[in-house]
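Both complexes below contain subunit A, partnered by subunit B and then by subunit C.
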Partner chain A sequence: MSLRTYYNLLYIDVSDVLRPPGLDVLVLLVASLGSALVTIQPVTSPVVASRIALDPTLFAAALFLAVRGSAGMAYLIQSGIINTYLTYPIGKVPLAVLLALSRVFIPSLLVLGAPLLILFLLLGSVMLKAPEKVFGMYTAFFFQASLYGLIFLFFALRSRSQSTSGLLSVSAYFAYTAIALILPAIGRSTGNETLTKVGEAMYLPEIIYSSYMRASVESWQILLVPSLVTILFIFVVIYFWRRFEVI
Partner chain B sequence: MGVVLEVQEVTKVFGPTIAVDRVSLRVHEGELVGLLGPNGAGKSTLLKISLGLLRRDRGNVILNGYDPYVDSRARRGVGVVFERPMLPDSLPIRDLLYRASLIYGSSREEIRRAVKYTGLEQHLHKTFSELSAGLKQRAAIAHALLSRPKLIVADEPTSNLDPIERVRLLELIDMLNRDEGISFIVSSHVIPEISRVARRVVVMNRGRVIMEGDVNEVVMKASVARIRASDARALEKVLTLHGYDVRVEGINIIVKLKGAEGQAELLKLMADLSATGTKVLSIDFAGAGLEEILRGEA
Partner chain C sequence: MSSVLRRMSVASRLLLVIAIGLLVSSAIAELYGAKLSSEYTRTVKVGPRVASLLVVAAITSSGRAEVTVEGADSVYYVKVAGDPFLLAQQFRSLRLNVSNVRSNVDLRAGVTFTAIQVESNPFLVQALSLLGNVIPISEKKENVTRITESVASDSSLLIVSTKDSEGEVRYIIKYSVEGYSRLTAPETFIVSAIMVALAGAIEYYRRLTVKPFL
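Let's look at the complex of A and B:
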């Protein structure tokens, strides 16, 4: 199969994920919110500006991935559209990769990219001081959003129900966030440094931010979330390939 | 004639239920095969296995020379129409067919032909959910035609349609089979519909193939007569003595006909019986219903 084949199926599915109203409203909202948050504060650091804009956007991205990525995927299965996709002369592995791209990676890139774009327009002189660091922050937030998105996608494939996958996705998001907060708290109160570091590493943007602020960060802390994303991505692809069956 | 689809001894189990039990069938090039059976007979499961959408537990499937479960090349040149056709709703039909044509590698001319065949010219600006049930099915067929099909698998394509749309769709299937030489396997639980288009039928019940052959033979084998008589029980005895398979349903006696000459033979017997005083109120001959076919094999 040629790349053109994959591109066109990706185009069809991305059109479904991004169909209005949805991403358009969200992007407008997070872009306005992000830029407002930054411009009302006297920010002169591109890293700080990126963090202020992207932190609330990550929550919006997670919601979008839960609703359009996960519940949308469950709808594909329930409605039978996935059967149509599977009748194309495309293998299940490339199809799983395409679905991860359209349901997780591309929406994450777009939702997180919107406020940054506005920031570059409004605070170009600040942001262009260190574009590589802005990119670093953006990548960290992208990995974090992708981690949530892949968990949500797996729930959709497993549960095949819009309501169940939506509920599981939101629960998983809050559970993950709670664990990332509780572990460092337990670590500090018990003097267990590893626990503290694991908890901190579960939120990659904070680790990258700390490293840019010259705080001590271990290399495995930077790698934890990207590794989890890689493992989850492979797991989702294998699950779709070996275990997923149409209704 | 080459074989487009070959299913050999396929079994599929869902938990404790055997959905498909050692089923074998073949579809030859240019052939239109009807797959008959009641709901739950295993028809849809068999078709999904044939397309490689479901994993089989035993047996082999060869579609276009490849195993469709492991090799996506098997689905090249295979169009599919599901019972509840669902195409993505985010694009107008025009754009969707264009994108699908790029996936299948078909040309703009082929899109035009598919649209013309299915009569969708006036509806290309609409999204899939804006179409009526009949038009949705037509859009699904147009989509299937873009695959440059050697075979179209249609799973109960008429089940959600009104009688007029049903007839139109069957005519379209028949035309595509005759004019374009496209092979079809069409599942249904309505015998008159399948009889209208298929030359050969495979009858399934409870996951197994219970009958297979020329559509007229299968239908004829199960044709019945419904007789109303003043004394149904007495007439039942007489007909049973003459070797007929008979059952009484209220005031009706249902008689299974014997082969191609069955109607004439039964009418002659009824005339003789009337002459000797048996009161026959009416005789209706009915084409075989699925119930009769299944009953005959029970």
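Let's look at the complex of A and C:
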């Protein structure tokens, strides 16, 4: 059980997730149009630039994760390819971690990184004013995308059907976004400060953006989405390890 | 197309795609991209009961505003820190009687100019000092006042003009963006060409060695 075994399996699964032309078309559109959104305005703040570019990209990344990550995982189960994966001489826990890496983390890093790479090339002097803040925004968007991706992956493992997992993923995405809008609205109308803050914290990029813009942000608001991601990741791994069985 | 892409590694595919994306966004930027300066002129009616406010707010850019005020008896300015979109809310909390708000957004220069009429009262300047440090302008040449002040992307410049008699005040604002530069079209071509060459080199290397190269 060398590292080579893990790498080979990861390589095979990543190649499946990133197979052409799906990723290429998505990255082409996201990268060119996302950065064009920035270049039509004279953005001089790296934080504003990365936010303008990544906000629409997050939507594309979520759909990519729902279709390639989640529905692709369901296809692995339906077609029986997962059996071949399971016969590999690695444990179920490392396999679950590898699947989460290849189906959620690597695609979201790539899709979100593409427009930023173009911005760094095109607006180098602006972006290099505060590269650590750009990285902060990138990490925030990455956590948000991973949160969606892990929920989608769980649906795929649970439902084992491509169309069902796709539908459930889209509904979960919609529900999450709607709740993140409804909670602050309820909180403001009833004067419940905590509810407003929870609703705002459900969208991490906004929180990080506000903290860079010197607005008041509480530390638990920054930690909400990353801790949800950690909990979901552990949950998905445990589910795959203890409950998941191939028919 | 996809049969070609299928023979390539992820790294070289991404390099190719990003090279094309760079060219597209650079072309859009050349044609419809950011302007580095913006001008705005407005004439407003001002009297003993009505004062005039002019807000220069940088939404995405930051730069320097040169404001010329003609015909006002006294001119003050305030630099307000924080999100410019919260200003309306701050006015409401100061209980200023605001009317006739005219906004002019120059998206390509990333700046907005807003002319506002406000009911004048002896406490107006005191009320505005809650937003920031109110600076009166004493230098005046033939009823013309000039202010040059920098505006950052999370702040706005608020100019207050009052007049003891009925009349008109004219604002001329020249705003120039600072700290902005992007690659020119020829430079973008060179960078894209380098990326395509790099993708070619990766593919060539992969065919020399049998090892998979991600």
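Keep this in mind: the second predicted complex is superposed on the first by the 247 of 247 C-alpha atoms of A that agree within 3 Å, B and C clash if a C-alpha of one lies under 4 Å from a C-alpha of the other, contacts with A are read in each partner's own complex, and residues count from 1 in each chain.
The rule we apply is simple: a contact is a pair of C-beta atoms (placed from the backbone, for glycine too) under 8 Å apart; a residue touches a chain by one contact, two chains touch by 3 or more.
Since this is a predicted model, take the numbers as computed values, not measurements.
When the two structures are aligned on the shared chain, A:T87 is found in touch with subunit B, with no touch to subunit C. In the superposition on chain A, A:V67 contacts neither subunit B nor subunit C.
Shared-chain residue A:R4: touches subunit B; no touch with subunit C. In the superposed model, A:G124 lies in contact with subunit C only, and not with subunit B. In the superposition on chain A, A:A180 makes contact with neither subunit B nor subunit C.
Residue contacts after overlaying the shared chain place A:S15 against subunit B and subunit C alike. Measured by the number of subunit A residues touched, the leading partner among subunit B and subunit C is C.
By the document's definition of touching, of the two partners only subunit C reaches A:A36; subunit B does not. In the superposed model, A:E245 makes contact with subunit B only, not with subunit C. The residues of subunit A shared by its contacts with subunit B and with subunit C are 11, 15, 19. Within the complex formed with subunit A, the residues of subunit C that make contact are 1-2, 5-6, 8, 10, 13-14, 17-18, 20-22, 24-26, 28-29, 32-36, 59-63, 82-83, 107-110, 153-154, 177-183, 188, 191, 212, 214. Every residue of subunit A that touches subunit C in the complex is listed here, in rising order: 11, 14-15, 18-21, 23-24, 27-28, 31-33, 35-36, 39-45, 48, 52, 110, 114, 117-118, 121-126, 129, 213-215. Taken in their complex, subunit A has these residues touching subunit B: 1, 4-5, 8-9, 11-13, 15-16, 19, 79-81, 83-84, 86-92, 245-246.
The part of subunit B that touches subunit A in the complex is made up of residues 48, 51-55, 72-76, 78-80, 82, 84-91, 96, 99-100, 102-105, 143, 147.
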